[in-house]
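In the two complexes below, chain A is the common chain; its partner is chain B in one and chain C in the other.
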Partner chain A sequence: MDWLSAVSLDGLAAVDFRWLGLVLELILMPLIAFVVGLGLVLMLRKIAARLQRRVGPPLLQPLWDIIKLHAKETQTSHGLIHEIGIVMAIGGYVAAVTLLPVPGMNGLAAQGGLIALLYMTMIPSLGLALGVGQCANPNGSIGISRALTAMLAYDVPMVIVIFGVAFHFGSLNLVYLIAAQQAGGIATWGIVQMPLLALAGLFALQGMLGKQPFEIYVAPAEIATGPMVEMGGKFLGGLFVMQCFQLYTAGVLYVALFLGGGENWLTFLFKVFVVTAIPMTIAMVFPRYRTEDMVRLFWKWPTMIGLLGIAFVMN
Partner chain B sequence: MATSPTTVVDQLLAGLHLPDGFDAVAGVIREFLDQVTNSAIWTRYGQQSLEWLIGMNPVDRLFMLSALTLLLMLLLGRLRSAGVLAVLLYGAQFAALLSTDTLFGAPLAAAVRITVADQSLHWSYDALSWFFAMITIGTGFVTAWYAAGSWMRRYREAGRSARAFHVALALNCFGMLLLVGSADLLSLFLGWELVSWASFLLMALVGGPAAQAALKYLAYAISGAMLILGAIALIYGISGSFEYDAVVAAIRSMTDAQVWTLLLLLGGGFAVKLGLLPFHLWQAAAYAEAPGAGSVFLGAISARMGLFGIIVFIVGMIGVSRLMTLEIPYTFMSSRELIAWIAALTIIVPTYTALQQHDARYLLAWHGIGQGGYMLLGLMVGDAVGSAGGLLHCFNYAITQAALLMAVFAVVHRTGTADLNQLGGLVTRMPLTFLVLLFGIISLAGLPPMAGFVSKWMVYRSLITEGMPLLFVAAVVGTLGTILSVYKLIHNIFLGQLRVEHQEVAEAPLSMLIPMLGLSALIFLAGFIPGPALSWVAQVQGQLGLPVVPWVLGGIVDPRGGLDMIWLVGILMAGFGVGALVFYGFGGRSRRVHQLDNYAGGHFLTADVHYQYSDNFYAGLMHLIGPWYRGSFRWLERSLAATLDLVSFGAEGLYRLAQPTLLMLAAAVAMLAWVL
Partner chain C sequence: MTHIDQVPTPGAPRPVEIGVKPGTKRTNPFARVFDELVRFAQSRSLFMLHYCTGCGAVELPPAMTSRFDMERLGIQPMVSPRQADILLITGYVSVKTLKRVILTYEQMNSPKYVIGICSCTVNGGMYWQSYATAKKLNDYMPVDIYIAGCMPRPEAVIEGLRGLIENIRTGRADAWKDYYRRYDHYLGNQQRLFGADWQTPTDVIAEARHYDLFGPATLGAHTALLEQHQRPLEALEMRIEIPELMRRRSRSDQGGTAQ
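Up next, the complex of A and B:
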């Protein structure tokens, strides 16, 4: 059977199996993001509980919450766009996390760099905004108006940070950025090379996650939780899933830009949890700003710090 | 065998490589054509004209068809079927443009020449002309289709002249085709004037506020044309010729001061049409008040003629590298940075003016001015990706803005208003129009997966790699403002509470929906597979002597950070699939409730309660930035107009009161003083 083995071996050598690995990565990356996101939500609630001298929820509580919300009997829909909005909110993040490299997996990071990632994460927000819009509740619309204003506020320092990092390393490709940071240990990390930009980025992170003092668009006592006002059952469950992804994306992005990404899963997860814990902790000691105060603050301090950071990077 | 329609169709069909099943269809067509070719009229006139048409110079054929459209509209514009005829004729123009093969092939000169006083006017098509002509005819085609049915019936019922509309549209197309094909300064100026007056015609059609706005435009356009005439005189004084080759040589030999003058004259003249700051005030009202379909055409392509002029002269002939050597005295800036900053301000100021509009038409028209800034900004960066992004944005913006304006005017067609405070909840009544507007706003805001994302991404990327942080931030601030503004647009029209008077509103008529949906599909496709459009842009770059963008089917290849839209859109669609699975696949069934079944803080909602948030949509933001809107540009415009008024008043008074002879004497003395 000489000829048979020769044929099959040649055939095997000719077929490229790399695409199979990529498909596996594209399935695994959102799954990991979701599980890590659940952990981040748990940490968020634990920190809040400890600061208020409570015990806090058990390990699987975030998962049970999602299951509970999906299983509810009363599922009130305000129309097709209301539903599509939730689908877009989840789906956009499922896609966006494949652009974020994690240890051992690069996903589609080479096909779309930092800017593509930044704009990809706006798709879930757009979906949510459309869904809330169809609910025909002014509280929700005001919430979206505030959320978009908040985006206008924190994205200015955010893009300054992205410019600085991309210019410093000469690339928009996250895989390359991480490799360049890992090349010389901690000394080549973004946070060491560009401390001002890292500080501005931390500010932007706080706004991006919508944590106090920047939770202007949830504002329970003012606008009845804003975007969530008409959301119940699996609509709220969908937003819960979205929040898991959002925490994960923000944390991993910061780690990839400033903390050298992940050398291995242990250090990677450690960094992500530490980074995400910072806004949570800050949030607990602040009341809420007014919309215009938030915009003013973001356009002043982190923007100035970021521009100063860029001035250092470019010289 | 002599050329006959049958052979032409056979060649076409052979080129398409259709599957076998289509043989029957081809047979029917062939049979019909055989009958036509055997008729007496055909043998007498048709055969000859067809052979003449096929044997013609392709560029002449394009001009001839465009002129024929104009003529037929002038003669038959009154007829009910004129709209359909117009669509067919624009389609024929499009085919004629493709047959010139000037995009990938060599430039082609038209055989037509006009000689006036020993100076010959001639025309020639190359990749740049092809690119702009393609957008022009394409826009004309979809506009004519949009106007052909229900829209035109309503227009006639309002007592307006269908013929005037058709003629204005055809004249605009014809003028633009002449302009983009101009091959010397005189033909350029001829085309420029034709385009200016044709757009005035289209703007002023319906009278009232539209005519007011059109007159304002005219004042701007005439001053712009004077500047361009001055530039042409300057160039002619140095080169002694109107030919482009001589012009390029003359510009090379110019001193810096002369190039500065030329830059100010040309830049100023073209900036008026493009609506660059501070010459932008005329545009929004003039475009928004034009009749629906006319507004679509003006908004999508008309202002780009200014950009075409800038590309030909400032990017092509003077060149970005020369601009960089022109320093502004006592500053660190070069003229290139000056233009880039004007572009950046043109992005920001009109975009945030759009944010304050209450009229959907004005909102989009103001965005149109802002988007022009991105194109110029990309071109001024001047690297391969940036200039390609700027050029590509012309195409992407045209299809986006056409779709958006069509959707808004479809709403106006059905509800009678474009006031964003008088609408709401229409998504249940006009779902397809909603879809078109949704695709359009995603593209206008520059989010994936639509076309606008690709071109804006290219502009951002070039600003990062070329190290221009402040311009980059300015470009992104413009995009963020656009996102805020377009969400208000879609929210106030289609989302929120449906008003009582709109309960019975129907979906837009089919004649308007087909071009709208076609454009939406194109917006998505041009985002999903940007390769074809990038290949056109690469040809234009090559012809202009710019570095050529490294494109592939899915986007840009570059180790420093590329873009592959096929992957990105694919994963996004897969993500939506997963989202749908999570949402619809698990958990209880959702129940649709009435829009009044809502949380209202313990109150019960009834049909007479207006439960909608629309006015002053970004109240919190306006608390901060509201006082920044000072209307400085309006003040500048008014003070200029007042100065002119005063001067003319003084001159008039002098002429009337004082002795005319005294005036003559004063004029003579002034003249002598100037001459000596």
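Up next, the complex of A and C:
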């Protein structure tokens, strides 16, 4: 911004223009997240298709889906909260994305930290609960109660993992975490230093993305996709956008915690796509667990593995 | 209650011109580009609600799975009418089933397309003489494409879907507007079959007004009959039925009467 300070008057020379860069980052980061998220959705559908020996959707299929849903000519709204719920669902992830550092852009990551990020990733579920509540569809209510129970289940190992990583590096600042991992090469990556926590994190990731076997709250054949049952047109379109952000957030968070973030965009995107491909590949070979079995599983195995990992970290 | 004989017989369907109303011609050259993009997206992404009533449902799994893979064309199954674009009727519709099909159709968001698979939806097929079967599906709702055959092979199903995709891309698949513009005709046929007090939860006339799809034949003798019987929809009473609680309550009620 040298030329700006050069043309400004002497009195204004001291004005700081760095906030302009920050605003640009806050606009760019969600946009990039959305585009990468579209790619992740396409990859998931392609993996599912390949595992079922199908060809799968064409390249721009996720984009066509979203355009088509927003272009519906009649929209069935069930009231104001229904619409605000969808805005909260997307908004929570947009806020979360600005807290995740990507190569070249830190956004609010240094100011926010892991705790704020954890809060932000919970807002979409709550927003969805509000929106679904106003639809007054019994299938939706059952679905969202299961989704919130699932959140309760996977958040216990998730918090343990995040606490363990923060304790290991002695910081809650994601920018510092990534810098510390990148400084020492692969040997200092979270996954090498804390393999047990990385394993527990992978469990939590499966639950966070709601993939089989932890997919009971969607259950299309049983409760007609649960929370999404009354969502048509722009509402479903909003949820498709949310799914893009959700996959991106989960993938980037795991990469930042355990795989040393991204040195450049190439390695960063490669890591994100690989990490997100793991839950999808596991999902396609599983049926789904019931809610109580899911809670039992999450509070037993990943929690135990995570606690063991913390014991190693604290030594 | 009106007797069934008092329902006037719907006459031959009056042709209604479908398209942009005169006087609303768009001047913005980019509007056309945007419309074409939207139409292309609509043709490349179709969510399908299959109402599997008859034998034609057997031909859908091969069309959807690895042999023919509908997802190549952007078609994927959905489970709720709110999310769906295509209503797929696979086979004969009995009078009871047809009620549910119409409820489902009216809950879908426009633009919506109906596909009738198998000859039973075209003219009753082998159920022609049945007293309990609706013969022609397009008497009761506008059908975009019929795929004839008993049953059509998956290749024929895919071919029919491709035809629908082409119609959507070129803007010819607007049969759903016909349901609003000639609601009186469709409602009349429905009343002949289900009785004069037939009513669905969706207020089609209000929707036609709201979305500016009101046509010259939206209102008529049959909608007048509907207005006579129409009861305003009320929210269902919310009640939690826990067996143990109810047993205890009934026991305390009995105790109360004994005293």
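Criterion: the second predicted complex is superposed on the first by the 302 of 315 C-alpha atoms of A that agree within 3 Å, B and C clash if a C-alpha of one lies under 4 Å from a C-alpha of the other, contacts with A are read in each partner's own complex, and residues count from 1 in each chain.
Note that a contact is a pair of C-beta atoms (placed from the backbone, for glycine too) under 8 Å apart; a residue touches a chain by one contact, two chains touch by 3 or more.
Being a predicted model, the structure only gives us computed values, none of them experimental.
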First, second, both or neither for A:88, with chain B first and chain C second: first
Partner touching more residues of chain A, chain B vs chain C, is chain B
Quick check for you: in the superposed arrangement, does A:156 touch first (chain B), second (chain C), both or neither? first
A:233 in the overlay: touching chain B, chain C, both, or neither? Say first, second, both or neither. both
Answer with first, second, both or neither: which of chain B and chain C does A:76 touch in the superposed model? both
Check the residue A:166 against both partner chains and state whether it touches chain B (first), chain C (second), both, or neither. first
Is A:108 touching the first partner chain B, the second partner chain C, both, or neither of them? first
Just checking: does A:52 make contact with chain B only, chain C only, both, or neither of them? Give me first, second, both or neither. second
Quick check on my understanding: which residues of chain A belong to both its chain B contact set and its chain C contact set? 69, 71-76, 136, 224, 229-230, 233
Can you tell me which positions in chain A touch chain B when the two form their complex? 26, 30, 69-79, 81, 83, 86-96, 98-99, 108, 110-116, 119-120, 122-123, 126, 129-130, 133-139, 141-142, 144-146, 148-149, 151-152, 155-156, 159-160, 163-164, 166-167, 170-173, 176, 216, 224, 229-230, 233-235, 237-238, 241, 290-292, 295-296, 307, 310, 314
In the complex with chain A, residue positions of chain C that touch it: 37-38, 40-42, 44-45, 65-66, 69, 71-72, 74, 78-83, 85, 107-111, 207, 211, 235
In their complex, what parts of chain A are in touch with chain C? 45, 49, 52-58, 60-61, 63-65, 67-69, 71-76, 136, 220-221, 224-225, 228-233, 236
Partner chain A, residues of chain B touching it in the complex: 424-425, 427-428, 434, 438, 442, 446-448, 453, 457, 460-461, 464-465, 467, 469, 472-473, 476-477, 480-481, 483-484, 487-488, 490-491, 494-498, 554, 559-564, 567-568, 571-572, 574-580, 582-584, 586-593, 595, 597-601, 611-614, 617-621, 623-625
